[in-house]
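In the two complexes below, subunit A is the common chain; its partner is subunit B in one and subunit C in the other.
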Partner chain A sequence: MSTETITWRDRAATVGEKVQNQLAFVLSDRMALVGVLVMVSFVFLGVFGPMLAPHDPIEDDIRDDEGDLLRLEGPSSVAPLGTTVYGKDILSQFLAGARPTLIVGLFGGLGTGVLGFLVGLVSGYYGGWVDEVLMRLTDLTFSLPFMPMALLLLTFVTPSIWLITVIIAGFLWKMPARVVRAEVLTLRERTFVKSARASGAGHLRTMFFHVAPNVLPIGFLYTAYGVAWAIAAAASLAFLGFGDPTTTSWGRMLRMVFDSGNIRVAWWWVFPPAIGIAAVTTSVFLIGRAYEEIINPEIQTEQ
Partner chain B sequence: MSDFQRFLAKRIGIAIGLTLIAVTIIFVVLRMLPGSPFESLITAGNLTQGQVDEIMALYGLDKPIWQQYLIYLRNILTFQFGYSILQSQPVWDILAPKLANTLILLVPALVTTAVVSTLLGMYVGWNRGSKAETASIIGTTFLRSTPVFITAIFFVIIFSYTLDLVPAFGMRSITATPDGLLDTYMSMDFLHHYILPFTVTVLFYSGDFLLLARNGVVEKKGSEFLKLHRAKGLSENEQLMRAGRNSMLPVITYFALRLGMIFQGLILLEVVFAWPGIGRALVLAIQQQDYPLVQASVFIMALAVIIMNLVADVLYAYFDPTVSVSGGGA
Partner chain C sequence: MSLLEIDDLHVTYSTGDGSVHAINGVSFDIDEGVNYGLAGESGSGKSTAAEAVLGLLPENGTVESGSVTFKGQDLLALSERERRDVLWEDIAYIPQSAMDALDPVMTTGAQIRQAIQTHRNVTKSKARDRVQELFDMVGLDPDRIDDYPHEFSGGMRQRVTIAMALALDPDLIIADEPTTGLDVIVQDKIIDKIIEIQDRIDSSLLLITHEVGVIAETCDELSILYGGKVMEQGSVDNVLVNPTNPYTMGLKNSFPEIDNVDEDPVSIPGSPPDLSEPPTGCAFRDRCPFADEECYESHPDLVDLPNRNHRSACHYVDNAAQMRRDAGDPRTWGIETDTASDGDHERGEVILETDGLEKWYTQSQSLLDRIRGDEPNHVRAVDGVSLSVRKSEVLGIAGESGCGKSTLGETVALLEEPTGGSITFDDTDIEEYQDGNMKAFREKAQIIFQDPFDSLNPRQTVRRLVGEPLAIHDRDRDTRARRVRETLERVGLTPAEKFLDQYPHELSGGQRQRVAIARALVLEPDFLVCDEPASMLDVSLKVNLLNLLRRLADEEDIGIIYISHDLASLTQVSDRLAIMYLGRIIEQGDTEAIVESPKHPYTESLLRAAPEKDPSVSRDRVLLEGEPPNPVDLPSGCAFAPRCPKAQDECYREEPGLDAAGGPNQSAACYFPVGEDPVADDGPATDDAGTGSTPQESD
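Here is the complex of A and B:
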């Protein structure tokens, strides 16, 4: 049995078909469908939000007809979502704030997923001392508490959105790594892997072409979760005052309203960023859960 | 030595190694990165060189770095955290009451949520496809995936500001001057402040336990031993209890893991509710660059994680006969 007869195109076609089937299945779950809709609008806001914003979120002051600064005004025709205590337009801040939130989520999630997937794959496939070293490394990141360490690092270096993304991925990769490794451990002993080796496929080829495709769904799942975790972590850091000071993110908006002591009155300032973050993180998990039902055969019992 | 003892010895060894590495990282981060807290003191220019040397000597900063490291290791591993720079008090005297405040909030909340959500999870897992299942999954997914400070803010807005039922922040009224332990933690005033952060904590952690228990029961539902129980004529509830008991393992180990992450997870809650716990103390200490305090609180949090990871591993190996204690190896 030669593996060479399977061309790249065949491979891509089967993977494509699988993805399509799974996608259709996920979309048949009503909760996941809502989640997908929320995510699509979020990505739209992240890409076009700053262009749609009627004002500059930080530079422009909102004034009434007499030219007085509108401080902490509720929603009106001038500012549909009201103004901040500094007289800035909240709608514009909300629209512009989607982008940094999307960037951290997307790249933090991808970084988490890819790094964790590779570590888990290599660790599980090779076993032995490679596994021992990599797993002790994951133990180490598990034993370093994320929040305090991130706060510590961010006090000494000026937080930038990319640095925050790197720190988040640097802490979160351990989650997919452990799960992917456990999965690879069971796959390694299966016949198709052994026959690939026996028919002359090298370690790298066996690992990436025969083992990896079977754990890819879990990799996707944890990349998606990584997106939600990264958004939550970045928002939390921003809320504690350790966000990128140059951008308006949803987390930073919440920091501003909390810090200025206006939570009590300015609901129009609190709700847009708070609901935005909550909707996005919840959606990711709703989609993830529906997907998990498909790829985890053990919870797929007849209903 | 039995297999289990050998496994135990190995895990304890690893935990000690991790503690040393964690402690070293804290040292490196705090000393090597630019901008030591004393720099601002010195560049402020109000001190003579003699006074500067005196302060540096007091904190051992005049010695070579490796000596500083050894002294630091000895001190921190024997829980001698030194003096707070800003509050001129022993760090431990500052942190101990904060630690107590954190634990008094979190341990009862975690126990409550573990018991209640696990039972609920077993119930909805058994009744798969019911409305209760859908509702509980949406609800807990929202609660566990939303950053906890946002949930907390929603709750403060609803229950404190709108309905005016409970105070929005603090652990006691400003006028209260409790005296003694009983008075501090058992008064109505304390309870009044306690209920909101407690509820949010319970809700935040409910999702994980609920889903673990649900998946456990769903997985067990089709299994052979349940068919036997059904054939024996046990009622639905009796069957559920047996399915539930067999899916307890992940819940127990998860509980241990959560207990370890307890401090760090709730830094945000403590900040929103102005709860005088160790997480809020850490944030304040970082802002004020009071680094003996920072170092001690990060160390305590890391140690809690390491110890509870160890406990979770050991519990898992002890209770699950299918886990090979000789390690996963080839």
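Here is the complex of A and C:
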């Protein structure tokens, strides 16, 4: 038994080392470092934001010393980022709005990545009619425009944040599926896959132990991009008024400012959510680009 | 004055982990009209030298010092623009894998015309005339200049690149491995063409290759490189007949020859030197059996040998005659030889037998044809092959590329579903295995693939790679660890601990192929299919591998099918040979019988196409006409008849069976076998087949 624990520990150590190496590569790229910093603070806000918020984003009204409601006021000592037209604290809304954005981004991205990866892997590995069915399904999702279809679905059901996440993942998996399938198609012809079959490995073993590890980096990359797409899509839905009405999200904040007709005036109301969304999606792409250099040796050698 | 003078050239590559000193002081001169050869194993710096001359070094390569003078002009000092004028006008280049060097969307003629018109102010029609002239010169049909590259076969595409190199009458042609990757027969045609062209025009040739045989046949002078140093140089006749440098002796001895079935080639043990530091002593000292302290202290200078065009870099040139004698003996190199394994040994029971095995691929059909119910076309990759392999026997399967030998290997290993015929493995029909018992078959039959760089999963360690078959076949953890270690040491990866946690990219080509073999052997199979396992390895590694396989067959009672297009290595390792042509076996029998008196004209031309490493021996070429026919639309009768120099009407009418000709240990599918009465020792077949072929061939 002792040998087992040692090999397990060794394995954990080598995995740790590998992760460290890849992280080190990301960090050596300055833009990626900025991206990582933004992402870290975003995740922090997503987890602790609502607790940090000085006021409740919807319940609490902001009043000045005389007790008057502060409507559409610019940044002041009472409300550092100003107030909405209803006299709510924008800083609190911004902090609380990070969480739904994080949830949609994280789970939408993961769902997109995992679903797409599996579809691409199975489709590319088995080929034949399996490939035919799965790829026609992919073509179908490609041919359906995302926004109108999502809006159509959301008019029939009450939007909740989880439902939106599922809808987003259900529409976005096509991207990784296509790319992973193409990669698997070339991998499948590599000799080591044949060699695995020759030594008696079954389909599942060959697929997950030999083919999958070699396309995993691309899966990761598309999961990261999935995060950005999901956040942008959720924000768009919320802006169009199809977000979860019970929570405050960055997209919904933009919707509110648009509805109030003050989008040209109240810059303090527009900028926090807009910059938040832009910063998070941009950082995901910056990290993704640096990571792509790890998985694509051709870009790597150019450095 | 010499045409090209290279003087004390040093080239380094800067890499992530420091610099690699690829060339450390190479000097040689090429005179006008001389064919010059550069030989050496991979990593000896031969391609780097050519790239330095052409100014095509990759970005991380720098010429540290030395000079390259072409017709009195310093090539290294030229600007990009000036160099462009010299290239192709004066120096033409045939790159490695030249077959892929042609633009697929441009006709071959247009590509050559473009090269002409860039440098010469000529009209289109004049340029076209020149292209036709060139096509004629390299033996291609001048009317085909408007064809696209994919319409030509590999060997013909190689001729197109040669035509392109000749387009502007360059003074020097640099050819980097021009025949590597081509079949022996095609290689032989190209070599023949190069020699012929050389006679007609007066340009010089710098030929870079790892095959000493090709140099021996085409070149006048050569340099042998090792570790970026010239080990020996001079005229081909002197250097290759009487080498004075231990490395040249090793390189020459490790080339297997078809004629000496009994004589094992001697490999050079060890691996190429680490070039992260410039070599202080003799570059070859670590692998040289004659090395002593002096060799460690300084690299020997090239010493002129008296009275002949011959220089050697060795401290012990004076002892050359003695060293030559010793170098022929494997024990000198510290290789143990098992004398028992030579000659006759017990062959066990039949482990695998096929009867009329077929593997046809269906060609895709248009929808209309499918609706009309037309019978789809088939590519008959394997077409009725019957063979048997015994335990502790090596059966060699030879043939040109595209003859179906790899498909046969994969079908026999059940990686491809046979479409007809039967396979019996270990007295059991394979249908029984396929009926839910595949694991039992996979445990006993293994396959080793051609490309060691692709046959190992890049993301697994050696421990996992070799252990995986054991895990699949449910061995427990302790057995697994023990067996992995034992098997690694058995294939010569010692100590096993050193390799267990390495990834494939950290290993050399030879080591990877050994890991692949260990993976196949770890389950102790009874039967092994080897699909060109040595074709990507350097000569000395190749010999090592062949000896290892031979030992496995002799000592562990494994039945082996060894598939290769390289007849020389096949004859070394095999007990019996089967020659394949277009999916069929056309000759089969004991190796010795086939080598000594081939019956089928095709076998004969295969045997004669292998280059001879000894320049003093002349070889009769048997140049086959044409290319193998399309396997979809085979001619009726004997498939070889259209290319056969002695085909008669009978051959076109009906296909000969394998029993049509032969002797006690040999059978061939031919109505008019070579040399009906095998009397003469010196190649009984020369006269018959030689008359039918001319050096001028038509494609």
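Just so we're on the same page, the second predicted complex is superposed on the first by the 280 of 303 C-alpha atoms of A that agree within 3 Å, B and C clash if a C-alpha of one lies under 4 Å from a C-alpha of the other, contacts with A are read in each partner's own complex, and residues count from 1 in each chain.
The working rule: contacts are C-beta pairs under 8 Å (C-beta built on N, C-alpha and C of every residue); 3 or more make two chains touch, one makes a residue touch a chain.
Model, not experiment: these values are computed from the prediction.
Q: On the A-aligned overlay, A:196 touches which partner chain: subunit B = first, subunit C = second, or both, or neither?
A: It touches subunit C, and subunit B stays clear.
Q: Examine A:278 and indicate which partner it touches, taking first as subunit B and second as subunit C; both and neither are also allowed.
A: first
Q: Quick check for you: in the superposed arrangement, does A:214 touch first (subunit B), second (subunit C), both or neither?
A: Second partner only, subunit C.
Q: Name the contact category of A:106: first (subunit B only), second (subunit C only), both, or neither.
A: Neither partner.
Q: Tell me which of subunit B and subunit C touches more residues of subunit A.
A: Per-residue touch count on subunit A favours B.
Q: Name the contact category of A:205: first (subunit B only), second (subunit C only), both, or neither.
A: Second partner only, subunit C.
Q: For A:95, select first, second, both or neither according to whether it touches subunit B, subunit C, the two together, or no partner.
A: Touch partners of A:95: none, neither subunit B nor subunit C.
Q: For A:238, decide between first (touching subunit B), second (touching subunit C), both and neither.
A: Neither partner.
Q: Residue by residue on subunit A, keep only those touching subunit B in one complex and subunit C in the other, then list them.
A: Dual-contact residues (subunit A): none.
Q: Which residues of subunit A touch subunit B in their complex?
A: 31, 127-128, 131, 136, 139-140, 142-149, 151-153, 155-157, 185, 228, 232, 235-236, 239-241, 254, 258, 263-264, 267, 270, 274, 277-278, 281-282, 284-286, 289, 298-299, 301-303
Q: Which stretch or stretches of subunit C touch subunit A in the complex?
A: Interface residues on subunit C, with respect to subunit A: 410, 413, 415, 438-439, 442-443, 446-447, 449-451, 454-460, 468-469, 472-473, 477, 481, 516, 519-520, 523.
Q: With touch defined as at the start, can you tell me which subunit A residues reach subunit C in the complex?
A: On the subunit A side, the touching residues are 3-4, 190-192, 194-202, 205, 209-210, 213-214.
Q: Which residues, counting only subunit B, touch subunit A once they are in their complex?
A: Touch list, subunit B to subunit A: 14, 17-19, 21-22, 25-26, 29-30, 33-35, 128-129, 134, 137-138, 141-142, 144-151, 153-154, 156-157, 161, 168, 215, 218-219, 221-222, 261, 263-265, 267-268, 271-272, 279, 282-283, 286-287, 289, 294, 297-298, 301-302, 305-306, 309, 328-330.
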